[in-house]
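Next, two complexes with subunit A in common: one pairs it with subunit B, the other with subunit C.
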Partner chain A sequence: MAFMKKSNGSRRSPFAAVLVIAAGLALTGGGYAATTAAVAETAAPAAADAAQLDTGHKLFLANCASCHGKNAEGTNNAPSLIGVGAASVEFQVDSGRMPAQASGPQIQKKYPQFTADQIDAMAAWVATLAPGPAIPTDAQLEANGNATRGGELFRINCAMCHNAVGAGGALTEGKYAPSLVGVPADHIYEAMLTGPQNMPVFNDANLTPADKKDIITYLKYVESNPSAGGYELGNLGPVAEGLFIWIFGLGLIVAITIWLGAKSN
Partner chain B sequence: MSKTNSPDAEHDYSGGLAVIAADKIQDPGLEPHRVRMTDKSKKHEKAASRQVTAMFVASAIGSAFAIYAYFAFPLTDDLGSVRNNTVLLGLGITLGLLGIGIGAVHWAKTLMPDNEVSEPRHQTRGSEEVRARAIEIIKLADSESGFSRRKLIRRSLYGALALFPLPAIMLFGDLGPNPGDTLRHTMWKKGTRLAKDPTGTPIKASDVTIGSVFHVIPEGLADLEHHKLEEKAKAAVLLVRLDPADIKESEERKTWSYDGIVAYSKICTHVGCPVALYEQHTHHLLCPCHQSTFDVTDACKVVFGPASRPLPQLPITVDAEGYLIAQSDFTEPVGPSFWER
Partner chain C sequence: MSNAVQAKKGGFLAGTANYLDERVGVAGILKEFGRKIFPDHWSFMLGEVALYSFLVLLLSGTFLTFFFQPAMTPVIYDGAYGPLKGAEMSIAYASTLDISFEVRGGLLMRQVHHWSALLFVAAAGLHMLRVFFTGAFRKPREINWLVGFVLFVLGMAGGFTGYSLPDDLLSGNGLRIIDGMIKGIPVIGAYTSSLLFGGEFPGETIVARLYGLHILLVPALILVFIVIHLFMVVIHKHTHYSGAGKRDDNVVGYPLMPVYVAKAGGFFFIVFGVIMLIAATITINPVWNYGGYDPSPVSAGTQPDWYIGFLDGALRLAPTHLEVTAGGVTWAWNILLPMIVGVGFLAVVALYPFIEAWVTGDKREHHVLDRPRNAPTRTAIGAAGVTFYAALWAGAATDLIATNFKMSLNQVLTSMQILLIVGPIIAFFITKRLCLSLQRKDREIVLHGRESGRIVRLPHGEYIEVHEPLDAHDMYKLVDFADYKPTLARPNAKGKITVGARVRAGLSRFYFEDRISPVGQIELEAAHHDHASELDAEAHKELTN
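Our next item is the complex of A and B:
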């Protein structure tokens, strides 16, 4: 309740104050439990940007500032968030990578810690710091592009790390390119746009929004169509397939050979 | 096992080239015969007979199923149909063949007679009569054909046989010609624009933001009619923009980059895989084949793995319209080592 009063003081319009109270109630009423979703839903669409920004700022100070700095200027532990854009915030927080669980070669995915509205609020606030990539629209994310072209672009730009069908792969010193199976379209789009962690950036001049749509279409196509060549064994290629045939194929041949040579009792 | 191998028989015949050692370890003879369950009890015999029959019946079912699967799961435009067709057809044929094999072996092992039998080996050397007869036949053939007598025929035959393999040796020439200096040059030359793979769209320096990676081909490669893949295999380039403060550049290479944008050959100097796993924060380029790692900030020197040379750098600059262009071809051959390198 304390922070609600503080923010109230900084607003001039009484209308805004009402909205801040509404947003504050939505937030505090639900606490940090997942049950806020239903309450926030009623308040958020009506909320003016000012209220949302304020909520975002508060959430940032409470959850992100300890590493990224009070003004998102970055510290020794974490990069500056000035100019990373709303897309970066939604990718990192909605995929559960942020707030980071532990330091290590790579920040791991986990269950997201915030509701969609809280994430939107943080993304909106970070976007005000400096211009940066925006959250893609629903039309950009629809998997109705050209899968063949998407496949070619994916093989040229992505497959060396993420594997030809997006099964993921190893990088150096404990880092890895994650599997793209089951990753929602907005995360794929935002990752290309912002280049999270060690992934390079693929801006709109490199892969146009149409290119990105085609890549998403390809990944969703691969996901929903069975492999023509039989069981995928994780789609990891010669390592998994070789291991399987050495253990089970050769094992079967050895077993048959022993049976052939054994006397019947 | 056989009696003729015993030491006292050693002097009776020649063993040809085989080395016959005196049998220091005495021949233990045959193991005592073990009577099988199927010989002892009628019940087991019947069971074995049923098992063999069952295997043959399973084989027949497998073959019939393969025919059924071929028609019931036809190949259509749907990729999934390929999988069903192959897997089920294959399982049917496998059962068909495996059933016959296992049934036959089981039959032989359990129901056919299993008395141990030993057979002595033949001598390697033929008998004196057979050897004399062979020499007689050869001499007769020689005198009848006149091979020794007709020198002209014999020598002309030798000549013909000596020349016969020569055309084959000549055909080996078609494996060439030698590559000449094609391994030392690529499509890049002064003023060639850097273009996006696969579309061939030229790239502006302003498009390449920090942390970006562009997979680059020379402009015009996409329109090549012939040797497109050969040219691409040599000319492929990776374009990265770094913070200029991060780059360690030697004096001579100071002019090779443009405002932090550097271009390196994408072909690994180890065995030529495309090196394209770029880590944005460590600035390491990793080759997926053998984990050679190159440091993009430090002239792509090898920091790990089997590659022996840094990746060659393509000197770049911008033209009047702001597009990235090559200053020249690579200054050294790209890709793995070759004999004349």
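Our next item is the complex of A and C:
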């Protein structure tokens, strides 16, 4: 803004000094915040230590074992978690699906019940039971792949359940493919990797990490770029459009005809 | 020279009019058409809405033809839309994307075209419902009903051919269903599909062929049928609702010139404005989301535009496992049955005026419209038809209903299947009983006047509510309707009662067995004589005592 103004007008604006100061403050402040954030990220411990494993085990016993069994071997109510990997734990717990609120055709998403540290601890403990898919790295999740390829892969592999733009869709007997709008990249990646609930597994041989990155890039593009044509009616396609034209389009016009008809009486 | 002549005759306008009149007899045409009378009622404008939407379709469609290329030759997209850059797609899809993102005003025009297409068929449908429920299809307008019906079907055809042109995933999925339906027809199916698609689906010609149909044949036919439709309106003159002074041999309203020309002209711009408003603010068919057509993927939530929805619904609601192999041919009844249901439903709609005319045996001309309640069985049949159509229509959205209302897809499907059969029957009886009750209420009002809510205490202590008698104009509307009675099967010239006569008598009984007769003169006078203003009578009594 400040630069635009300066370059446009030859005359110095009375606000120029204020704007320069504001820009300077923003630059230094932003820079400070960025560097401290970077430091915080690098400072986070990567390796699972014994204390973390212990916490994870305790959390598991207190919150998960009643259904999944004390040794995560599974019961009649819930599957074994041996070999599901850390990725599965993070997806299920961080999206709020686990601990399950109620049994039904499908476990619902809800507000997550644990902090990130607690989830990491549980994931680390479950990962010790047997080898399984690991939590993806930040580099794998960055939405900087090829959106065109991602779109194509998404349409071929995902759209039949999740809809072409990830608006979601119905499955049998009350099950459904949820909407992908607003789902964080790590959950998308982990879902592909672990195939939660009714979703098939797209392992790294099926969709390589690069493919997964492309799909995430495509979904994030669609999510962050609203339709050029205006309000999207929930991306539900022709049904929403048909309802709109009957209720609002024709409704408005009928209201106008009534008004026109009433004028002459 | 011309100046002097024009000055004498009253200026440029009069001069031009005179010029035209001397060469093409414009005065006679204006006299004939300009004095056409149109009655005023909001429900008479619905057909107009369809007409104006069609004009908007022509205008926006012409714009689109300047930029759309109906070829299926594969190209690598290198346009403005990021997530498709570098993707292989047909020229048709690429040019649709160019219209959306690179042609100035292109996206707006695409949305105008699509929204007005939806509005065109919707307004035509609502207009048909108005014509049906008011009995405007009766003699002499049966043929015009047929013409209108053809227009509705042509609207569907125009819409579907247009829907398939962008060659995106959604439209390709739609075409695939059509291909499947064609292939489901025994014996000729595979050949027909091969002819249509120029080989195996999807081929490389279908878009160009549909384009020819969409911009040439279908709109030309629609135009021709619109001309016939309007010409017949002129010949038959417009119908009007019953009221004092409105008869079967007159039309009460305003002349076309100048009142209706101004009104209709203004209304055109209102409809245009509403379409523009919607098109400028609401996305329709975001083709860039779907990607180019590729026969392998199918997106969840794939639906046709609303007017094809009932056929898609019929397919979804059809019971599965109905394939039968007979004579070396597979009869896919789960495909054939929905087609038969869809076509059969449309056939009943097309032929209804003739069916009703045959049942009533009424050869009179009808220019005064029925109030729906005064034809209870017809109204009930209409309600049943609407329910049937609505169930098929909702059937096309079973998956969206299931996800958005958190229900089981299978249960939604089963409910719709039940609704499809049971719904029309329930709708029929409820509507018929409602109509009869409303007629009874009308009778009551005619005979005893309106309850005024005014309670009067008479001198001897009795309380009565004063009923205000209707004025003649209001009463006319309540008593002016045809009173059909069930006819008996009559022997023909040879003295035999044919099966046809029996069926007709049966149908007549079905139509008119339960009926409320309009209040007649004698009955009305009797009612007035009996309790004509009890207040007056009481007052009279007081005086004579």
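Throughout what follows, the second predicted complex is superposed on the first by the 206 of 265 C-alpha atoms of A that agree within 3 Å, B and C clash if a C-alpha of one lies under 4 Å from a C-alpha of the other, contacts with A are read in each partner's own complex, and residues count from 1 in each chain.
In this text, a residue touches a chain if its C-beta (ideal position, glycine included) is under 8 Å from a C-beta of that chain, and two chains touch if they have at least 3 such contacts.
Because the structure is a prediction, the values reported are computed rather than measured.
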Inset, instruction - Answer with clash or fit: subunit B and subunit C placed together on subunit A by superposition. - result: clash
Inset, instruction - Applying the touch criterion given at the start, work out whether A:T128 contacts subunit B, subunit C, both or neither, answering first, second, both or neither. - result: neither
Legend entry - First, second, both or neither for A:G261, with subunit B first and subunit C second: second
Inset, instruction - Determine, under the contact definition given at the top, whether A:F202 touches first (subunit B), second (subunit C), both, or neither. - result: first
Inset, instruction - For A:T75, select first, second, both or neither according to whether it touches subunit B, subunit C, the two together, or no partner. - result: neither
Legend entry - Partner chain(s) touched by A:P105 [first = subunit B, second = subunit C, both, neither]: second
Inset, instruction - Determine, under the contact definition given at the top, whether A:T172 touches first (subunit B), second (subunit C), both, or neither. - result: both
Inset, instruction - Considering only the touch criterion stated at the top, classify A:G249 as touching first (subunit B), second (subunit C), both, or neither. - result: second
Legend entry - In the superposition, subunit B vs subunit C on subunit A residues touched: C
Inset, instruction - Give one of first, second, both or neither to describe whether A:M160 is in contact with subunit B, with subunit C, with both, or with none. - result: both
Inset, instruction - Go through the superposed model and pick first if A:S66 touches only subunit B, second if only subunit C, both, or neither. - result: neither
Inset, instruction - State the stretch of subunit B that overlaps subunit C in the combined model; pick it from 40-48, 58-66 or 94-102. - result: 94-102
Inset, instruction - List the residues of subunit A that touch subunit B in one complex and subunit C in the other. - result: 152, 156, 160-161, 169, 171-173, 177, 225, 227-230, 260, 264-265
Legend entry - Sites on subunit B touched by subunit A in the complex: 34, 36-38, 79-80, 82-83, 86-87, 105, 109-110, 114, 196-198, 203-204, 207-215, 240, 274, 276-282, 284, 286, 288, 291, 293, 304
Legend entry - Footprint of subunit B on subunit A - complex, ascending: 152-153, 156-157, 160-161, 169, 171-173, 175, 177, 195, 197-203, 205-206, 225-230, 259-260, 263-265
Legend entry - Residues of subunit A that touch subunit C when the two form their complex: 105, 146-148, 150-152, 155-156, 159-165, 167-174, 176-177, 218, 221-222, 225, 227-233, 235-246, 248-250, 252-254, 256-258, 260-262, 264-265
Legend entry - Residues of subunit C defined as touching subunit A within the complex: 40-43, 45-46, 49, 82-87, 100-101, 107, 111, 115, 118-119, 122-123, 126, 169-170, 254, 263, 267, 270-271, 274-275, 278, 280-286, 288-291, 294, 296-307, 309, 396-400, 402-404, 406-411
